[in-house]
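Listed next: structures, encoded as structure tokens.
The following pair of complexes shares a single chain, chain A, combined with chain B in the former and chain C in the latter.
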Partner chain A sequence: MTAVTLEDGRSALGPHPVPKGLRGSLASLGWPYLLMLPTMALLITFTLYPLVQGLFMAFFKRGVVVVPQVPSTLPQYIGLENFVGLLSNADFQNSLLKTVLFVVIAVPLNIVVSLALALLLSPQTKLFAVVRTIVFFPSMISLLIIGVAWRWLFGLNNGLVNYLLSLVGIAPVPWLEQDTMAQVAVVIAWVWAQAGFNMMIFIAGLTAISIDYYEAASIDGTSKWRQFTHITLPLLKPTLAVVLVLSSIEAFKVYELVVSLTGGGPGKATVYLIQTIYDTAFQKPMQAGVAAAQSMVLFIILLLLTIFQLRVSRGEK
Partner chain B sequence: MTRIYTPWRLIFVTLTLFVFVMPPAWLFLSSLKSQQEIFQWPPTIFPAQPTLQNFIDTVSRAKFLVFFRNSAVVSVLSAFLSVTISVMAGYALAKFRFKGDTLFFLLIMSSLMVPLQIVMIPVFLVLRDLNLLDTLAGIIIAPAATPTGVFLMRQYITNIPDSLLEAARLDGTPEWRILWRIIVPLAIPAIGTLLAFNLVWRWNDYLWPFLIISDQDKWTVQVALANTVGRFGINWPRLLSMSVLSVLPVLVMFTALQRMLMSGLMAGATKE
Partner chain C sequence: MMTAAAMAMTISLAAASELKIVWYVDNDQEEANTRALLEQYTKLHPDTTFDLEITPYDGMIQKFQQYAASGIMPDLSLTSSMEPVIRPFLVDLNKEIGPEWINDFVKGWGDGAKLGDKVIAAPLRVTSTGIFLNADAFKKAGVAIPDQATGWTWDEFIPKIKEVAEKSGTRYPLVWDVSASRWIVHEYQYGNHIYTEKEPVKVVMDEAAWTSTLDKFIDITKAAMPPGLWSGASSDNPKEIFTAGQAVAYMSGSWQIAGLADNAHFAWQAGPTPRGTVASSIYGGDYIVAFNTSQHLPEAVEFIKWITSPDIQAQYAKTFGMIPANLKAPAVKYDNPAATEAIKAMQNELNASPAYAATDQAWPQMQAVWGTVKTAVTQAVAGQISSAEAISQIKKAADASLEAGK
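Entry: the complex of A and B
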């Protein structure tokens, strides 16, 4: 990369030198800002400002809609009361607990399954390319429809899963009718939906590992399993961290799948955080502040996960 | 080299195929069955008398084509808008040094940490204040700026040689022409990938339209689907055929652009 001398005599080093004459005319001075404008305007309007606004809302007692003419709808500052209230809010705690349980089970399972698929399907042959495509396809389908497909498969008296189980003599499983089984069903459908996407990330990570390591190990007579635990896993650590964090974030946001698979039921067995936040805000009066506080708790969880990922990926470099 | 097609591997591959083909295949096969056959026990695997009746019933319902059209309009316009502004921002971040460029980049990347799920209530209020509630424009504009898109375009455009741009500038080519005639044609592979992804994302999106739309005439297919799944008494023939119809465009696109979508994902995932 050559250094470019600017017209004002400074020299711009670095990866993107400022092209000559760029700062010469006033018109082109504003050009990069003009290019940034639409993206920044939309991000500020629909992401960053709402985040700040949401943080404020968490300190007020208010409903979703505030009408200035109606004094009873005006927000009331109540400090940390919304957050303190969460400590005794059974609905929130149940759904937080259930969400954490879901993440703790579904994410490791997802990693094991997608890593296994990656190891199985990584050879670069035509046949495996086709299989990879088929396994990847679910990540292109909307989670709502995946929920519909699995709800249909998990039917108690007419579902294919129970039929297949009956062929090997297993009594019908109440997949969607019983609390624990419904949570298991959500995990199964979720892992099925996510596995192909994560498999592709793992395959990218696997192909980056030099074949030399394995050849050397084979010559030494190292077993396949030892090769996996001593070569593949350690070298795959950065990829594992990425998948772990991406899929944890996804898992904390689980919602659409549940809408069509269980509708949150039976009872409230599969009501996770997002649904609780939404219901709190829009279906109860004057609870928008509480919902905002719940959102902030989720935001902090996601923030910590992201910081963790940045730490790990920076540590690797 | 060890052998690739070992018996164990083939057994597991067969199992994998079964697990991943069965759910969508079962959805599709069931949608071709008559009302009675759908609920028959033991179930038939292949429909005894395949019929398109469920599809005819669904499509002839007055509103379904409206939902389909809404989804199509929203995904196409939103995808184009998203790609356009991502190319612009990606180009600015890749090829210009300006005051605040790092700040812009950090702001864009940090919005990755703020999914819609976390800001639903304030976003709802913003949409209301902008009079975008219950409009298709709302679903088109609101989700258009994506950190992923900007990042992808920035990565790709960075690799376009600066000398091309400098030569054009020396010739006195206006800036907008450089973007349109040099950057865009050279970035077509990345633009295509991003466009394909955006079409799929926007077609599948449920949360944004769910938050924005209440008027039934403006429902997208996903909203209609969610409303067909009540907790009790699901109309399965309708739900199955609706699901198949709504996956169809994605399936067609995925089949056509499969290589682009999968390699685009790899590029995005590994370049971080």
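Entry: the complex of A and C
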């Protein structure tokens, strides 16, 4: 390797000369660490402290707040009782099971829909750019509002969806009034809300695939389907993995959309994990410790998914 | 001269008190009415102004928890319940206003403001749960509505409203607010209640009787209500359905009267509410509380005295379409004759209700039970659990509430 020398005699390849004066002393004080301080402060305040506090709370019988003037709000240490209690907590187990089922159904569906949209809308034309923006739009809206909008659309008597079905002779569907249909309704609304964002990730992934592969395949007379299964999908694998993990994390955290769409009903048919945690903490007296233990279980699930995502990202590099 | 003016201004500013007041409203009109009421007070007491914070009703419990945990509180707040966590911070109005004052109010709601020897809240407005009828539909169907004294039982009522719906071409016989307190009235009407009517508070639920009544309610949902309405997730809005003339009867409460007077384009009336073995409504409403952390306690108490005084109660009730909490309030003549009649009918039904229709709701323990009531009943209606399981869950929550309410 030939060393490049600048006009003043310094080497263009490091190491750089040590700065003198004020900058020099700042650097010696650990300037880079100082620059990291605001981020670290935010991380500690809003992530690390609540996490440690949550873990701490899980070992106590307590309410959401502690008021010294009200003896019944004072925490009592109960060891692992809150965690052991989860083994016989039917509400928690049912909602965990429902959440896993939701993830297993909604995430693959979301991937299929967003990948199909990406394949359809990836060509760089003005029309597709407009359509892409429209499809992406739901990602920018609050999930709470999306839930309210779909609640109107899924109305049994006055909803647009049932009106459209009636035009083709289909009887009104009890989207929000019947257990299974309500779960289907949540999946549809969630996929609609998430598909635009994932479509954009897929489009970025598709753009990175060299056109040469497709040209070569076309010359060999390969069908479009084989091109998709033998070129697109294998080369899109790292992107697929990222979307899979990110979507799964989002799906495990589903809450606002469900609360505004079904309120967890009919009965408890669409009560997922976060709603159970919220209800336990805020609707039941002195159950904040139990809710904290439930949160720890969710934290472990999300942690495992995040570790998987990091591994996939490293593999991609 | 300038110095004197500046001094006068300084003295005036020093004497002025701005009361931080937390309120919840149903709509913009109610907010405007609330602001107008506060301005009216400031005109009478120029040294007292208000910093009004409008907050969602659903978030009030969390708000009180935050207040209690932080120790930073407003001067005054509207509330429907005095949560255990804020009770140590509430002003004892017995001490501030006098021991006889609370007797001026509707008994059931006044009792809810008491905590031992203390009075920790001022009754502001009272609501009553009952049935509204589409009188036009009855007329069209040629079915007579009995007078209040005669009334009807649920067994008589359901076939009648089905007949009316059929003959008048009204879409649904009955809509019913999906709410724990609206449901529990049906249990009260069969003599069932959760707690004792006197202290010490104990749970007195007869699970078999409660289950049998819940079964009756489930039958009513199937026979007369829109499918899935009581499953807890339906987008159908009972109030909108009734106001649009699509239901013969609507189980709700007196707070709907103002809206019906403005928006229902058909003849309607309140009651008679069907009975089971007993005629019953349920007390509801709101209180105003003052916090002992206030820097302007005398002004806050003075405002409570004013807003709960008979004349202002009558004005308040008329503006907001409510039942006055103060028994000395002059008779309220609402702008709409149907509204005047409806308030009168609901007030009568409330007065004729058993004592537990007030005490069950008034005991603070009940606040820990409402959530379970709604979930358990909607689950039973949706067929996810049996009626017996639903009632057992409510009983468990009620038992647990005795501990939490301490």
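Here is the rule we go by: the second predicted complex is superposed on the first by the 274 of 317 C-alpha atoms of A that agree within 3 Å, B and C clash if a C-alpha of one lies under 4 Å from a C-alpha of the other, contacts with A are read in each partner's own complex, and residues count from 1 in each chain.
Please note the rule applied: a residue touches a chain if its C-beta (ideal position, glycine included) is under 8 Å from a C-beta of that chain, and two chains touch if they have at least 3 such contacts.
On a predicted model such as this, the values are computed, not experimentally measured, just so you know.
Enquirer: Return first, second, both or neither, reflecting whether A:F154 touches chain B, chain C, both chains, or no partner chain.
Expert: The answer is second: A:F154 touches chain C but not chain B.
Enquirer: Determine, under the contact definition given at the top, whether A:V64 touches first (chain B), second (chain C), both, or neither.
Expert: The answer is both, since A:V64 touches chain B and chain C.
Enquirer: If you count the residues of chain A that each partner touches, which comes out higher, chain B or chain C?
Expert: Partner touching more chain A residues in the overlay: B.
Enquirer: For A:M286, using the defined touch cut-off, is the partner it touches chain B, chain C, both, or neither? Pick first, second, both or neither.
Expert: The second partner, chain C, only.
Enquirer: Just to be sure I read the superposition right, which of the two partners does A:L176 touch: chain B = first, chain C = second, or both, or neither?
Expert: Touch partner of A:L176: chain C, not chain B.
Enquirer: One more residue to check, A:P32. First (chain B), second (chain C), both or neither?
Expert: A:P32: touches chain B, not chain C.
Enquirer: Regarding the shared-chain residue A:L42, is it in contact with chain B (first), chain C (second), both, or neither?
Expert: First partner only.
Enquirer: Looking at A:L120, would you say it contacts chain B, chain C, both, or neither? Reply first, second, both or neither.
Expert: A:L120 contacts chain B only, not chain C.
Enquirer: Check the residue A:G263 against both partner chains and state whether it touches chain B (first), chain C (second), both, or neither.
Expert: Both partners, chain B and chain C.
Enquirer: Could you give the residue numbers on chain A that contact chain B in one complex and chain C in the other?
Expert: Chain A residues touching both partners: 64-65, 151-152, 157, 263, 265.
Enquirer: What residues of chain A sit close enough to touch chain C in their complex?
Expert: Those residues of chain A that touch chain C are 63-67, 69-70, 72-73, 151-152, 154-157, 159, 174, 176-179, 182, 262-270, 279, 282-286.
Enquirer: Contact residues on chain B for chain A in the complex?
Expert: Against chain A, chain B makes touches at 2, 4, 9, 12-13, 16-17, 19-24, 26-27, 30, 38-43, 84-86, 88-89, 91-98, 101, 104, 107-108, 111-115, 117-126, 128, 130, 141-145, 147, 150, 158, 162, 165-166, 169-170, 175, 179, 200, 203-207, 222, 225-226, 229-231, 236, 239-240, 243, 246-247, 250-251, 254, 258, 261-262, 265-266, 269-270, 272.
Enquirer: Under the stated contact criterion, what part of chain C meets chain A in this complex?
Expert: 61-62, 65-66, 68-69, 84-85, 87-89, 226-229, 231-236, 368, 371, 375, 378-382, 384-385, 400-401, 403-404, 406
Enquirer: Please output the residues of chain A touching chain B within their complex, sorted ascending.
Expert: Contact set of chain A toward chain B: 12, 14-22, 27-28, 31-33, 35-36, 38-40, 42-43, 45-51, 53-54, 57, 64-65, 117, 120-121, 123, 125, 127-128, 131-138, 140-153, 157-158, 160, 163, 166, 192, 196-197, 200-201, 203-205, 208, 218, 242, 249, 253, 255-256, 259-260, 263, 265, 274, 277-278, 281, 288, 291-292, 295, 298-299, 302-303, 306, 313.
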